[in-house]
Amino acid sequence: MANKLKALYINCSIKKDGTKSHTQLLMNRSAQILEKEGVLVKSIHALDYKIGFGMEKDLNPEQEDQWPEIQAMIDEADILVIGSPIWLGVKASVATLVIERMYAYSGDYNDKGQYLYYGKVGGVVITGNEDGAKAVAMDVLYALSHMGYTIPPQVDCAWLGEAGPGPSYGDTEFKGEPVDRNGYDNNFTNRNATIMSWNLMHHAKMLQKNNGIDSEGNNASKWRNFTNAEDQDPQKLPKGWK
Amino acid sequence: MANKLKALYINCSIKKDGTKSHTQLLMNRSAQILEKEGVLVKSIHALDYKIGFGMEKDLNPEQEDQWPEIQAMIDEADILVIGSPIWLGVKASVATLVIERMYAYSGDYNDKGQYLYYGKVGGVVITGNEDGAKAVAMDVLYALSHMGYTIPPQVDCAWLGEAGPGPSYGDTEFKGEPVDRNGYDNNFTNRNATIMSWNLMHHAKMLQKNNGIDSEGNNASKWRNFTNAEDQDPQKLPKGWK
Amino acid sequence: MANKLKALYINCSIKKDGTKSHTQLLMNRSAQILEKEGVLVKSIHALDYKIGFGMEKDLNPEQEDQWPEIQAMIDEADILVIGSPIWLGVKASVATLVIERMYAYSGDYNDKGQYLYYGKVGGVVITGNEDGAKAVAMDVLYALSHMGYTIPPQVDCAWLGEAGPGPSYGDTEFKGEPVDRNGYDNNFTNRNATIMSWNLMHHAKMLQKNNGIDSEGNNASKWRNFTNAEDQDPQKLPKGWK
Amino acid sequence: MANKLKALYINCSIKKDGTKSHTQLLMNRSAQILEKEGVLVKSIHALDYKIGFGMEKDLNPEQEDQWPEIQAMIDEADILVIGSPIWLGVKASVATLVIERMYAYSGDYNDKGQYLYYGKVGGVVITGNEDGAKAVAMDVLYALSHMGYTIPPQVDCAWLGEAGPGPSYGDTEFKGEPVDRNGYDNNFTNRNATIMSWNLMHHAKMLQKNNGIDSEGNNASKWRNFTNAEDQDPQKLPKGWK
């Protein structure tokens, strides 16, 4: 019988105090879908840990660095969801830092000789009061894919308010006035969060059943043992199909 | 026995004459890997077709529009690879146009009531003489993912010359001088093109074996029939795991 | 006495019929500010012209190409404003095409031996019903800057609706229901459109008064005649100031 | 007589030890051009300071935060140049952090009632061993422009090696082999660094001579006192010019 899947949610809010993060609220809704469907789910607030700067696996003792604790959770999880607010239309500094630190491990190998993150799936949750969700999703999902994660369809969900300053996700008041549209009832956000959550589970199960990604041709050091690009004539077009 | 997989490569070069496209040369190398491994592969040059502008499925008779012919091939293919050059650090106008036209169909459904492109996998091939490959990959892969494609790990491959004007992929001379580094021998490009090609096949096979993506929770109109975001308490954190 | 400034607005909507473009409505508000302040303003709908694909100045006779007519207006204008809708979080295909065609001229020189577009200022107007304004602004403003335009502060303005499908800028009804927030009264959009318009004029006047950008060190072929990077010691830090 | 201009270069390398930063080497070449032309130039390594996370001006005492010292230098400088390496195709975490902290001040006003950074000019220096320079430039220059900086033409310079892992800017050996192309002799990089440096000076002087940006219409609270977007008819096209 298959082991239970594990999912890790990392909140990359720039707020030191995670209880004030709006992004966490939307992350929680996705996390609970997974939990109710039998996935073991953990959610951490990145800034609860000391994370050093640098393209290294472990920055101790140069800096006080708790990254290896986070990395151990990432390694254990089948599903990774990055949560990020939007600042100036792009992902938060903490999200950038988290991805850099993960990147330092991306040259390691899994049991099949593939890059470490192969066989895992990734997604992203975003909140902001205005604009930039797709830009953040592009950036985060590409980084995960580049490091070895499989990206199921539509694994980004976001909430944004109308153009201009305004309430954040989950706010009950803004500038002293009660808020009637704080995102909780937004059909579009709820639908996308649901689809994201299910597609992460569907792909994680499919990969688990398949014992990860097949290993031909995607081993960074043995790719020449398989049909490979170097041996192909760049002038030759494929035959086509009818 | 499983049907043979089909792959479509669409070259979005801005050169009217596809035989002058450098991007095609790298696309061919990937296409042949698939072909040799038993995939039916077709490669088309987008500008060989008249493609109208507009967020519509069929722009005839307003404009002379052959897009529906391309869409039929996209619908038939299990694997889609977009080829694009880089101009000003971003994807070409033709790639943008191709994606817009695909997007007009993205609200249609497949047999399982999921969005049309669910169950297919996508990748991207890029060439340029300088910079912008990751920016193009981010943009194209996100668009495919947003429309329903599954994105396997590392399904972008690129060749770029050194900073500044210089030879393009496959050039044998530049400004009258013979070229010694035209990309054909670039280990990094060849390795990435190989990994991309295999990961596209591995995921397409896995999805075929699974009869596409499981259908719980990802149907755009029936998501409320499953555990969904609207019903979850945004204040509740997941239990965690040990 | 200074000549009157000229401004060109190019609408890169993907709608063939410019009268149906929502982006045009917001462009008009900015254009009228300039007109009322004494600038000569012209607004064109790109798709009213046949524009060929390719990195060439003039694509006739290979393709039927009216781009040179548009280029003549660009060359005459002191201020250029690109209007673009958002599709899939990025700028429209028509905006990409317009910028590619401008780029083919970017190696030409002005009277001072600088690149052609030096001494001009650029901005961008964006509408969409959801997300991506900053991503489009980044892309368009960078392209203009890269080709030689000066970018004043805050020269992007946008309107976006709440997350999810909804009314476009200026719509009076959506799915049969009257619309109460169509952007016309959005303080944020109106303020930004105003700031954009004035900063474009202020910088264009400043550049006109200065007779364009001073010419030391920015001539693509004579840069070695001035203090230049090649002659500097990369190991040497600047002295600092107190 | 005009005061001497001041320029601040902030290196956002993720290396704790600034003496190991390759980006610094290219920054130095630009900095020296300015210094030799009479500008007072200071260069700092961001990670020499403790910088807290959060959208706040001063994060003491919650976190140990030296940001206000950096902000004082930014406020004093007429020219700001951000230096950033590239990781995963985007700007470094430290650059993201620096921009977030600057952003917390961006709602303040200068003497003319304009946003704080009005009247200043910005640029960016980038190094990496492969790809992403334009993506980083887009992101950084847009952020500066959005906060109030004027962006002169072509104020980004970069060095990148050929596709794939390889030597960084200024390296004399790579994997034990001597390096013959480390960027120091790259004409393209040297030319762009030169053009950037001069355009920053030309625009800073022009703005100084003009006593900053003229103040009509760009004051965030008084924009309605001038010809403004709210009062314009969105249906009315500009008259055009002949």
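Letters A, B, C and D mark the chains in the order given here, with residues in each chain numbered from 1 onward.
Just so it is clear, a residue touches a chain if its C-beta (ideal position, glycine included) is under 8 Å from a C-beta of that chain, and two chains touch if they have at least 3 such contacts.
Just so you know, these numbers come straight off a predicted model, no measurement behind them.
The minimal number of chain-to-chain contact steps leading from chain B to chain D is 1.
Annotation of chain A and chain B: jointly contacted by C, D, touch as defined at the top.
Centre-to-centre separation between chain C and chain D, using Cα means, comes to 21 Å. Note: centroid distance chain A to chain D, computed from Cα atoms, is 29 Å. Centroids built from CA atoms put chain C at 34 Å from chain A.
Residue positions of chain D touching 2 or more other chains: 88-90, 134, 137-139, 142, 146, 189. Interface of chain D with chain C (complex): residues 6, 9, 24-26, 28-37, 40-43, 115, 117-118, 134, 137-139, 141-142, 145-157, 170, 184-185, 189-191, 193-195, 197-199, 202-203, 205-207, 209-210, 213-214, 216-218, 220, 223, 226-230, 232-241. Chain A meets chain D in the complex at residues 14-16, 47, 52-55, 62-63, 87-94, 96-97, 99-100, 103, 139, 142-143, 146. Of all the residues in chain D, the ones that touch chain B in their complex are 88-90, 130-135, 137-138, 158-165, 181, 183, 186-189.
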